[in-house]
Amino acid sequence: MNKYIVEFIGTFFLVLTVICTVNSDFGGAFQPIAIGSILMVMIFAGGHISGGHFNPAVTLGVWMRGKCAASDVPGYVIAQFVGGALAAVIGGNVLGKVPAAAATNMSIMPAMVAEILGTFALVWVILNVATTKSNSGNSFYGLAIGFTVTACAYALGGFGSGGCFNPAVALGTLMNGLNTGANIGPIIAANLIGGALAALAFKALYHSQGADD
Amino acid sequence: MNKYIVEFIGTFFLVLTVICTVNSDFGGAFQPIAIGSILMVMIFAGGHISGGHFNPAVTLGVWMRGKCAASDVPGYVIAQFVGGALAAVIGGNVLGKVPAAAATNMSIMPAMVAEILGTFALVWVILNVATTKSNSGNSFYGLAIGFTVTACAYALGGFGSGGCFNPAVALGTLMNGLNTGANIGPIIAANLIGGALAALAFKALYHSQGADD
Amino acid sequence: MNKYIVEFIGTFFLVLTVICTVNSDFGGAFQPIAIGSILMVMIFAGGHISGGHFNPAVTLGVWMRGKCAASDVPGYVIAQFVGGALAAVIGGNVLGKVPAAAATNMSIMPAMVAEILGTFALVWVILNVATTKSNSGNSFYGLAIGFTVTACAYALGGFGSGGCFNPAVALGTLMNGLNTGANIGPIIAANLIGGALAALAFKALYHSQGADD
Amino acid sequence: MNKYIVEFIGTFFLVLTVICTVNSDFGGAFQPIAIGSILMVMIFAGGHISGGHFNPAVTLGVWMRGKCAASDVPGYVIAQFVGGALAAVIGGNVLGKVPAAAATNMSIMPAMVAEILGTFALVWVILNVATTKSNSGNSFYGLAIGFTVTACAYALGGFGSGGCFNPAVALGTLMNGLNTGANIGPIIAANLIGGALAALAFKALYHSQGADD
């Protein structure tokens, strides 16, 4: 149960930061730094209890890699979506953050490519820095994971989807009018595809290596 | 006594950075990066002596968690407020940093929600990265704590209070006209509420777990 | 083979970030932070398998220093150029990122000086933080290497070449019209010169010291 | 001798970054991030050989604290000034970076206060993170030291001196017209005062504690 609470808290603050840095007084240009930072700190804080996924696509990848029990997956994903949804309500309805303009339907192809690539990078980094023996005990895992999102948001955030790389973030953006209903399905599908591809690539590499598992 | 001096020095530079990056030549948009950075470095520098609180709401949370002696609390809090006040004098009267416009009374509800959430995140991260056995000996604690403030300042700094998350910072902003007298009471109350809630959440989680204490 | 795949993946995301942050919605001013971040995270992720070069000039320097087998050099360099070229295709043709204006021929002298200096700094940092006994087991190598590129891109990116410090990046910028054909030869030559000079300086220093090898 | 070469290289790149990010294509607002980053990476790279001072005020403070042999001080300081001066020549004369406007004489009092405070913070952080037993073996020392300069440049860079906190940087800015001859003496004096004060504060604290020396 503690694991689910930690996943709830971390995803809540991640999505809250996404929602509240739109139309920020500081300008949206810093949004990827704020989002990468909150993900980093929540992973450093919660990683020792839940692993610090805060993202259903990450839970999928970590489960495929064999480092998350199947029995934990539903609780993780529910906690992540509930945390994201509550953040959207707090950010939108309580704090009153609303987007400057109505979201428009994205062009499916570039947006899905961008979401697949970004989620692949995220899960690729996570599986390497946080689930391998050769990297055990390092002090950089949160920095590496958080700033993967920073870099990918700058590089891949401008193709219509906003750069979610995370179904719980996608849900939060939908609830606050930052994404349309038509966008959400393809984004979530792309996130899961990207996460699964990263897990497959990781496993192929490590099984062929026969070590560091 | 050394602990109090370290708390004084760290809080002094934290509040000085807050005051001096308002109306900065580099633009206020970088303020959260500057503030998170100075908090990070002062924690890395002073953490081995005082724990690196620099914030009465943090001292409250760490005391509730049982990692700060009750007899140390008054000295810590006094050192923090004196450091913050001196920074406000140096920044405002000696260096002459003054706000571009008079502060206005904030809308209480969103501002208190923002301050509670930001201080909760800060103390949540601190208790996890700096007071648990499973994270002992890490090299990321200052980065995690400092950049919690960076992320929260970007996300939660725009709701009227300026994003203090720290009563000593609130005092400094009041002394330099960045906050009104009417704002300060609710901000400090919200900071203490957020810190206490984080300590309660942390303790509930760890007592139920029965480990990592 | 796994090493080459890791080099391919890392260089792909590095060059993709370069291509996609040009004309970014967030403004090119954040490009060095995005590029340094993606390099950092790919090194943290892939370093334990391939060493995380992602750059033919780095492979040259590490080979000269005796920490990359000569038999690995061709595979590394091919993987890096293929990864960079694929990223250019994905970024330019699939995602449709194109430069705002046609590239112009650079003034050779300042551009080559800038590229030599930047690549020297990069390889100097790499050889010290990632190949010495006294720094073995540290958790900062990716941060140090990635943010060398961030700093050098800000300092040395404005002299005509765009701040490549990496032949695979130079190839990607050529393929997407961010550099002219006339620019590429001098840039790649400068990168290799800078990397080789750093390796020579490093070896002179360490051989004279007779330790830490 | 190796130590002096490392000090030369590190100071060269530090001052080169200062010079070349003035009138940067990316805008001066990122200058503190670039400067803090290059200082961080040069410390991570060179710290294991020379300690990574790159700053006569730091050498003064580390010597006062008893962690730099008196016989090394002249060589360190000469290497630092030579490195800084060469960077000014490369940046100004070879690369052609010139300031947008002629420097003006600063108001002495606020500028000296700002330089003293910034150098105090820098040396305070260095002595704590890099010369104490309780922090030995950490992986954060370069990050802590580099981003002290980032934070202080944002907070204290706007009071006439430009935020040097380092006599070798002051020399470089003078050589390139970023500071006037009348400014340099007070800046360097303030840097040495700030560094000495930090060493005195550190020693008073530790001698009274009788440990962690």
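As written, the chains take the letters A, B, C and D, and residue 1 is the first residue of each chain.
Note that a contact is a pair of C-beta atoms (placed from the backbone, for glycine too) under 8 Å apart; a residue touches a chain by one contact, two chains touch by 3 or more.
Because the structure is predicted, anything quoted here is derived from the model rather than measured.
Relative to chain B, the most remote chain by averaged C-alpha coordinates is C. Its C-alpha atoms superposed on chain C, chain A is turned by 90 degrees; the angle is given in steps of 5. At the interface between chain B and chain D, under half of the residue numbers appear on both sides, which makes the contact a different-residue one. Distance between chain A and chain B, defined via averaged C-alpha coordinates, is recorded as 27 Å. One finds 38 Å separating the Cα centroids of chain A and chain D.
Shared interface positions of chain B, i.e. residues touching 2 or more other chains, are given as 29, 31, 33, 139-140, 143. Residue ranges of chain C in contact with chain D, taken from their complex: 28-29, 31-33, 36, 109-110, 113-114, 117, 121, 124-125, 128-129, 132, 134-135, 138-141, 143-145, 147-148, 150-152, 154-159, 201, 205, 208-209, 212. The part of chain D that touches chain C in the complex is made up of residues 1-2, 5-6, 9, 13, 16-17, 20-21, 24-27, 29-31, 33-35, 37-38, 40-42, 44-46, 48-49, 90, 94-96, 139-140, 142-143.
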